[in-house]
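Heads up, the next two complexes both have chain A, just with different partners, chain B and then chain C.
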Partner chain A sequence: MKWARMFAIAFLLTLSMVCLLANFVAPAPFAHQFRDVPDAAPSHQHPLGTDELGRDRFSRVLYGTRVSLLLAPAAALLSSLLAVLIGGMAGFTGGWLERLVMAGTDLFLSLPWLFLLITVRALLPLNVSPITSVVITFALLGFLGWAGAARVICADAGALSKSDFVLLARASGSSGWRLLWHHLVPNLKPVLYAQFWISVPVFILTEANLGILGLGVAEPLPSWGSLLRELESFPSVSAQPWRFVPLVLFIVVVSTFHLVLTKEELPA
Partner chain B sequence: MSRLAKLAAKILIAVLLGGFLGATLVRLAPGFGVDEEELDTRLNGRSMQALREQQAPERNLFVFYLHYLNRLLHGDLGVSRTLQRPVSQLVAERLPETLKSVGLGLALGWALGLSLAIIVVMSRAWYFDLLASSLAGLLLCLPAAVLALLFVTAQAPVRLILGLIVLPKVFRYSRNLLTRSSSLPHVLTARAKGVGNVRLLFWHILPAAAPQLLALAGVSVSLAFAAAIPMEALCDLPGVGQLAWKAALGRDVPLLVNLTMIVTLVTLVANSTSELMGQTLRTDGA
Partner chain C sequence: MKKHIAFLALLIAAACSASAAAQTSSELRFCLHSEPKTFNPLLVEDDSSETIRYLTGGVLLRQNRLTQELEPELAASWKVTDGGKTISFQLRKDVHFSDGTLFSADDVAYTMQQLMDPNLHSPTGDPFRSSEGKVQTRVLAKDRVTVTFPAPIAGLQQLFDQVAIMSALSPQKEMAVLGPYYVAENRAGSYLLLKRNPHYWKHDSAGRPLPYIDSIHIDIQQNRDMELLRFVRGEIDFVNTVDAEHFDRVMTENSALAHDAGVSLDSEEMWFNQVPTSPLPDYKKAWFTSTNFRRAISEAINREDLARIAFRTRARPAVGPVSPANKFWFNAKLQAHPFDQKSAVERLAQDGFRLQNGILRDRDGHAVEFSIITNAGNKYRESMATMIQQDLSGIGIKLNVVTLDFPSLIERMTRTFDYEACLLGLVNDDLDPNSQMNVWLSSSENHQWNPSQKTPATAWEAEVDKLMRAQASTLDRKKRKEYFDKVQEIAWEQEPFIYLVNKNALSAVSPHLQNAHPVVLRPQVYWNIDQLALTTNNNNSEVAKDR
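Here is the complex of A and B:
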């Protein structure tokens, strides 16, 4: 499956590059309205047509993809860092601290994540700007998504701290941060890497759910959630198949994130 | 018995802490205490003052939470600010609807997911594995909200959505677990001795994977509850998911905290039950 992984990485890199260059690639700014041609069919000027407000759909797909492809990994990085900080410290220290942290993690895992998320998301100030809303949405995902990864990292850190090479390092006088930084963290990298890649599609899916419910990124900034909300008017969508492009791209991107991890790296 | 008491104590502490955490997050979230009614230019100073005084207890986290606990002990979950009705009444009306959807979804998801995993593992046919994995992979890439939109417009039975959300997780995890169990030395020996597939599955493979499968059952309950929000909101099913969505849009703090607590309690009971059953199975196995 090495080729599939390479393909997935190459595809994600290419797409990220295209989206990063959206300012140059997109035919129009994402909020610009072509008021004469709302709901237009694909044309040379608008490759995916325009939406109900006359905004170029291709541009909105590019900018929306950029939002998710930049911020979902950022949120995954945040949650992975929190997981390594909380889980790693607990596993490394052991004893009552480990039991306490794991009890807290269990509690966090049993909280209905989406309920908590919509609660906090809905309490944002009314006059929040689109940029702030997108940052807050993904920051919340990062802050609330650490628990599962922390559990895995805690177990691994606990096993590593009892391993022979750590005992030898302790016997040679290594302790505290040095032991943690030089011996434990490098060995936790594969688990962290796996947790990071697992989190990215989860966060993309959650943002899409929030966006469709109207609790995600604020308009006019596009995101996959707001782009997929177009499916609400299905009768017109089925007559205009190009309106399925955001959904197809969404499925392709999420599945390529799943392909990045090999079978061995995926959890049981 | 002591195990049951421990679990009950764990659930109680977790619910209290969970409610406190929820209340804390709600209290610390930006925008707490901001009420759209204050933007109404027709209100005079006294009305504004009255509005602020009405919300004053909720501004202090500890007072808010203590008031909440006190009311909870008396069976009072407060009044929904947006719907102007007792929360307990709303929950009593809507929880059965969600439980029905979640129950049906879990039954469907588990029946299909586990059956597919068993067929893949027992048949050991690569093409079937590829087909089932592709289906599970596709379903994993679809947000619950998109499935809900597609089901509504296709006029398909919307209660199937939760089943399709649970199915891929159940299939992937149980296939991995069953594959691992089927390669255990005693299973290979039994197979070599000519034990039939059915006996092999029910006597050797499934019992070895049962504790982990039970743990997965607990997790799938919270998965189904999370997916119930978009499903009920977009398919207009009057359950607690739709209630939570409406409360979120209406910034109804007491209602959201109560709903979070109730769903936490349900998922905790489900997780603890599956954990207890898994421990019992392990003990019996040993």
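Here is the complex of A and C:
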């Protein structure tokens, strides 16, 4: 499956590059409403047609993909760091601290995520720009998404702290920070790496869920969530197959993130 | 083998007889989006219960949804006297409830007593409670009754359109009805079956008893997409209200199924928060309380585009608090505010605003930026807000669109007042201006831009208060119209609500439903339920194929 992994990496890199260059590639500003041609079919001027407000769909797909591809990994990085901090410390320390942290993690996992996100979002200040709103949305995802990964890392850190090489390190005088940083963290890297790559598509999906509910990224900034809302009325969409492009791209990207991981790195 | 043939023949015969039965007894089918919360006509609050009340309830007077005029029903005639405090009804004779109980003036007295019972908390009774005091009902004869209220009520007779008469004697209580149908079966959350009232009093011009349709099967279907799909398949006979997008889908299937009755009473509007105690900075409060600022925003919005794009041409630019669909009360002298960004900038300049490098700034140099909240999930409002965002950018204003879940929106609107502008819609069922008292009186909680004022905050609000009270306290319809016209003019001038569009009344009706003439007032399709008839139960999709 090495070729699949290579393909996935190449695809994600190419897509990221294209999206980063959206300012040059996009045929029109993503927010501009060409009000004379709403719901237009693909044309030379609008390769994927226009949405119902007359905005160029191709430009919106490019900018929307850029938002998700930049911010979902950032949110995943944030949640992975929180997970390693909380789960790693709990697993390494063990005892009552581990039990307390894991009880807290279980409580966090039992919270209804979507409702929590909606509630927290409703408490935010109203007068923020769309860019700030999208950063806040993904930051929220990162801050609220660490619990699952923390459990895995805690279990791994707990097992590692009881392993022979850690015993040997302890016997040779290593302790505290040095033991954690030089012996434990390097051995946690594969699981951290896997958790990071698994989190990225999860955050992309969560933002899309919020967007479909109309609670995602603020207008006029596009995101996959707002782009997929166009598909709500399937019968009218089915006559315009070009409107499925954001969905196809979304599926391909989310699947590709899973292909990036090797078989060994995938969680059991 | 013989046995098998005989069995097959029996099956075919049974199928044929069932088919014949289906053809002889007509059944109307449609969907409600939730199950009715009550069958008591005096406790109706939700749309589904209102539907059942309309189909089953007999009223003394009925507002004709087509002509918008009041017509006699169970009352053969009526008279308002005593300066609007008293209404007398002459009742029809030989009318029976669905269970056969005779209808008389005692039933009217019983219904009024129930309606005004403070322990019942009837929402239908609220408009009758204009002042403290007891409502007296006098039964003068079996067919004559007089109701006297403690104070005059403007438009009193119109209120009886909602009052379904209940039986004082029937053991079936509220299930005994005087309307064209009665509830025969109720499967909670699944369906309702209404059957033709055998004692219904109306006959057609040929002397045939009404209604024509034998039964009504109402399915509970929350999903509007599914409802439309079922309509297209021919499983239901109509969809009472359709939004613009679904309407286009029906048009694509078969234009003969889609009915646009024209502009409705419903409006979409935005307003600025003018609450003095709101947590907004003072300079923003100054913007929002300025008439020039509100008028400029109004002129900078392209309403034609909102109607054409967001509502796919199925809406019209709104003029003011009354839709042109309200034939009598609409002030025809008023026109929708034109889209004129040059005039908007000039108005803003009068208040010291100036454009600098494409950014509008107030006289203290603050860049003009504000947020508008609306409810998440409402595609049309989100589209309108996004379009307004682009329109306002044309005069250098930065608008941030914020979609919130409904409880959060209401919390900000009514409790914390932590918002700057809001975009919402108003569903209006009542033609009479009295129904808007709770919006226009400055002391009202629903005076959204600045609710529950102890004394009117502005001179024009004091004037509106005076005019609304004046129209509510006179019985002269012409005089009332003059007062309310003036209210509309002030609302047009001051724009505390910036009215954006009036949506069209859209519905989908099977060609097999005869005598259906969808109108703009609720219930759009089945307002003349006792006149509706069904031809053969063909599939709507087959009609589409035939086209």
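We adopt the following convention: the second predicted complex is superposed on the first by the 263 of 268 C-alpha atoms of A that agree within 3 Å, B and C clash if a C-alpha of one lies under 4 Å from a C-alpha of the other, contacts with A are read in each partner's own complex, and residues count from 1 in each chain.
Everything that follows uses one rule, which is that a residue touches a chain if its C-beta (ideal position, glycine included) is under 8 Å from a C-beta of that chain, and two chains touch if they have at least 3 such contacts.
Everything quoted here is computed from the prediction, not taken from an experiment.
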Exercise. With the two complexes overlaid on their shared chain, look at chain A and say whether chain B and chain C clash or fit.
Key: clash
Quiz item: After lining up the shared chain so the two structures overlap, which partner does A:L247 touch, if you call chain B first and chain C second: first, second, both or neither?
Solution: first
Quiz item: Of the two partner chains, chain B (first) and chain C (second), which one does A:A171 touch, if any: first, second, both, or neither?
Solution: neither
Practice problem: With the two complexes superposed on chain A, say which partner A:S255 touches: chain B (first), chain C (second), both, or neither. | Solution: first
Quiz item: Looking at chain A, does chain C or chain B touch more of its residues?
Solution: B
Practice problem: Using the superposition on chain A described above, determine whether A:S110 touches chain B (first), chain C (second), both, or neither. | Solution: first
Exercise. Based on the superposed arrangement, let me know which partner A:I118 touches: chain B (first), chain C (second), both, or neither?
Key: both
Quiz item: Given the touch rule stated above, what does A:L213 touch, chain B (first), chain C (second), both, or neither?
Solution: both
Self-check item: First, second, both or neither for A:P38, with chain B first and chain C second
Solution: second
Quiz item: Of the two partner chains, chain B (first) and chain C (second), which one does A:L53 touch, if any: first, second, both, or neither?
Solution: second
Quiz item: Do any residues of chain A touch both chain B and chain C, and if so, which are they?
Solution: 118, 122, 126, 128, 213-215, 232, 234-235
Self-check item: Residue ranges of chain B touching chain A (in the complex, touch as defined)
Solution: 14, 17-18, 21-22, 25-26, 29-32, 34, 36, 39, 137-138, 140-146, 149-150, 152-154, 173, 176-177, 180, 212, 222, 225-226, 229-230, 233-234, 244-245, 247-249, 251, 253, 256-257, 259-260, 263-264, 267-268, 271
Self-check item: Residue ranges of chain C touching chain A (in the complex, touch as defined)
Solution: 225, 229, 245-246, 248-249, 252, 305, 308-310, 369-371, 373, 376-379, 382-383, 385-387, 389-390, 400-405, 408, 418-420
Quiz item: Within the complex, which stretch of chain A touches chain B?
Solution: 106-108, 110-116, 118-126, 128, 136, 201, 205-206, 208-209, 212-215, 228, 231-232, 234-235, 247, 250-251, 254-255, 258, 268
Exercise. Going by the contact rule at the top, pick out the chain A residues touching chain C in the complex.
Key: 31-33, 35, 38, 52-54, 118, 122, 126-130, 213-215, 218-220, 229, 232-236, 239
